[in-house]
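One structure is given here, and the rest of the page talks about it.
First chain written, first letter: the chains are A, B and C, and each begins at residue 1.
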Amino acid sequence: MAPQSWYLIVSALLFGLGIVGFVTRRNSLVMFMSVELMLNAANLVFVAAARDHVPARGSACALFVIAVAASEVAVGLALVLALFRLKKSVDSDAVRELRA
Amino acid sequence: MLSERTAFLIFSVIALIGAVNVITRRHPVHAALWLVGTFLGVAGLFLTLGAGLLGAIQVMVYAGAIMVLFLFVILLLNLDAPPDEGLSFARGASLLAAVATLALIALPLARAPELRAAATPESPVADASAGQVANVLFTRYALPFEVVSLLLLIAMVGAIHLARRPRRDETV
Amino acid sequence: MDLATDLAATAPLWLPMLGCLAVLLLETLAPGRSGHLGALVAGAAIALAFARLVATAPSGRLPFGMLADDALGRSLTGLLLLVGAAVVVLAEPLLARLRLAHGEFFALLLASLSGMVLLVQARDLMALFLAVELLSIPLYVLAAFRRLSAPSVESGFKYFLLGAFASGFLVYGIALLFSTCGDTSYAALARFAADPARLGATWHVGVALLLVGLGFKVAAAPFHGWTPDVYEGAPTPVTAFMAAGVKVAAFGGVLRLAHEVLPDGAGLRAGLALLACASMLVGNLGALLQVRLKRLLAWSSIAHAGYLLLGVLVVVAAKSHAGATGAAATPLADSAVQAVVFYLATYALTTLAAFGWILDLGRESAELQDLRALRGLARRRPWLSAALALCFLSFAGVPLTAGFLGKLYVLKAAFALGTELIVPMVVLAATSVIALGYYLRILSTLYMERAPDENAPAPARLGSTGVALLIAAACGGVLLFGVWPEPLLRWLGG
């Protein structure tokens, strides 16, 4: 059976790729997908770590994270739509109305 | 029958290749499709960990509902071919910062003694079956469970407010 | 696990939730007319919650196995409910004028408020995470509530994008902490952390990521990038809610973590000191450069996050002061907690008055927010100008205002530890002088300069009695608690 540390390494890689994606991409939809990578990485830690303790607890925590991700997606995509209606762009750089 | 280690390797390679492609594909639709790959890979990892219920939910909610929503919005916006995303100085700097952050997180983790210790050898693992998860959800985590219901409701209300057509008398 | 007792003890949490549902129901029963009704229902729900809060004493129990029913939770809950009520008063006339009087606004507001209340009472990382999300997600929508106005939508969008990024850090930190001991409750984590030998890299990285996630929420440097843009673009009542409510709630969460879970350590101290100093410096230097009122308040709120973080640092450091002076440590940490709570109360009060002022003078548009528009205002609007001057004096920490005592108590708690925290204390003193500079600049604009056109009509006001009364009450509080803080201290102390 694969050691827990292997799962943690995969999850750390996923988390890191999420961060890199968020800071390097300009398309807000892709930035948002990178955040989903980070949340998935956290879920992997929850489930892998819980295996040595109370497995159901890890699943329950991961379930909450999935529910939160779903509500974030709903609001986030609605914001993207509202922004696109005004700007005709989803580039995070297009958001420049508010400047010092 | 696959051994658990083989399954782990296959699923994590799927998840990681998907993730790399999510952040490197230029077109958001391609990124979204690769993201489905990552979600499926992670769902597979959940299965190898004995969390079957969570794997199923991951496929249904993430790979199903959330990704469909993403694709739906991308297609609705009907984006043209995206402009070339060159690596400007600012982006290069932020990439460096991200890698540095990653190193700061990963290096101490890699040296952690608790990780280097071999896994508990073939300990009998209790599965996170649907019954057991429900048991935890409705006793220990009953309050967060209720809070999540309000969260989903209010997210729905908010999304509708933002996305619906403006009323005729509405002004800026 | 007695459901009835738990429900009775947590009425201030679920009454706003219930109010949220009631407002939504009203919207379906009386579509289009639910704006004023929504405000009424929201106000009633908050008032009921506040009445329940005052009528009962903290039991020290653990409702639902993961909430706190103690003095800290109650005083912060009370503060949050007052902020929520004030925001209802601020929002109602503005929404009516913008013809945006939809019930959803108040439903979102109440949901966010219940998230804040949950955050200051949470004693479990999962409750903490969901509280942060429940307060943030409605707030993203509220910031973008004027969905046809580009600044408003941009503000909500920016807040959302960085907020979602921050929640990634927060939840990964929580997952790492969970992986150390297989539990999310503060009690279990504190038991685990009691033995320093067990705290490996996983724990430290987990704590660091958790603080990064919460650092975004309290707008601490270097995670402050979103603050000026989001504060400026959001409708003013929403900005007031962000500035006062989120700050109180997120610091409440951090305070409880620092007090109950996080063990003192060189790494944690260095991290908190770094955040505190960076926030004080960045916030005050940034504010120096601003020419618009809301942006200036945003930078000053970053600076205030720095002052408050010094208080949190004192709470953490006071714990191991125990080793040196025995039983004296717990009172030290407790007095530091009280200092931070007092600071939060004065900050919330002053912030509400300042944003109420911006709203009252109809400064929703960017041109009117220009500081030059304030030239010579004191001659034409003497009372309002005095109110704004008082707010800025309190923000700057001038004696006889509540803001002064807030800073004083935090410094006093830091002094009790001797010279351990001398660097951030010096930074606090130095940056307060910078702050005095830009606050006084505004006062001179108000009082010393002349308007370019003396005969032009004075700027129109919003004309809402509620808003005017709110400004008067908040200013009265700033003055009163600046000279006679005992009632507030007693109330906050439980």
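In the analysis below, contacts are C-beta pairs under 8 Å (C-beta built on N, C-alpha and C of every residue); 3 or more make two chains touch, one makes a residue touch a chain.
Everything quoted here is computed from the prediction, not taken from an experiment.
**Q** When the mean CA coordinate of each chain is compared with the mean CA coordinate of the whole protein, which chain is closest?
**A** Smallest centre-to-centre distance to the global C-alpha mean: chain C.
**Q** Between which chains do we find the greatest number of C-beta pairs in contact?
**A** Here the largest contact count links A-B.
**Q** Can you name the chain that lies farthest from chain A, using the mean of each chain's Cα atoms as its centre?
**A** In terms of C-alpha centroids, the chain at the greatest distance from chain A is C.
**Q** So what's the Cα centroid distance for chain A and chain C, whole Å?
**A** 26
**Q** Based only on mean CA positions, could you tell me how far chain B sits from chain C in angstrom?
**A** The separation of the two C-alpha centroids amounts to 30 Å.
**Q** Please report how many Å separate the Cα centroid of chain A from that of chain B, as a whole number.
**A** Between these chains, centre-to-centre, one finds 5 Å.
**Q** Note the residues in chain C that touch 2 or more other chains, in rising order.
**A** 126, 130, 133, 137, 140-141, 144, 147-148, 156, in rising order.
**Q** Among all residues of chain A, which ones touch two or more of the remaining chains?
**A** 8, 15, 18-19, 22, 43, 48, 50, 52, 54, 57-58, 61, 64, 68, 71-72, 75, 78-80, 82
**Q** At which residue positions does chain B touch at least two other chains?
**A** As it turns out, chain B has residues touching two or more other chains at 105, 109, 115, 140-141, 144, 148, 151, 154-155, 158-159, 161-162.
**Q** For the complex, give me every residue of chain A touching chain C.
**A** Residue positions touching the partner: 8, 15, 18-19, 22, 28, 31-32, 35, 38-39, 41-43, 45-46, 48-50, 52-54, 57-58, 61, 64-65, 68, 71-72, 75-76, 78-80, 82-83, 86-87, 92, 95, 97-100.
**Q** Note which residues of chain B are touching chain A in the complex, please.
**A** 4-5, 8, 12, 15-16, 19-20, 22-23, 28, 31-32, 35, 38-39, 42, 45-46, 48-51, 53-54, 57-58, 61-62, 65-66, 69-70, 73-74, 76-77, 79, 82, 85, 87, 91, 94-95, 97-99, 101-102, 105-106, 109-110, 115-116, 118-120, 122-123, 125-129, 132-133, 135-137, 140-141, 144-145, 148, 151-152, 154-156, 158-163
**Q** Inside the complex, what are the residues of chain A that reach chain B?
**A** It comes out as residues 1-10, 12-27, 29-30, 33-34, 36-37, 40, 43-44, 47-48, 50-52, 54-64, 66-75, 77-82, 84, 90.
**Q** Taking the touch rule as given, give the residues of chain C at its contact with chain A in the complex, in rising order.
**A** So the residues of chain C touching chain A come out as 126, 129-130, 133, 137, 140-141, 144, 147-148, 150-151, 153-158, 160-161, 164-165, 167-169, 171-172, 174-176, 178-179, 181-184, 228-229, 232-233, 289-290, 295.
**Q** Quick check: in the complex, which residue numbers of chain B touch chain C?
**A** On the chain B side, the touching residues are 105, 108-109, 111-115, 140-144, 147-148, 150-151, 153-155, 157-159, 161-162, 166, 169-172.
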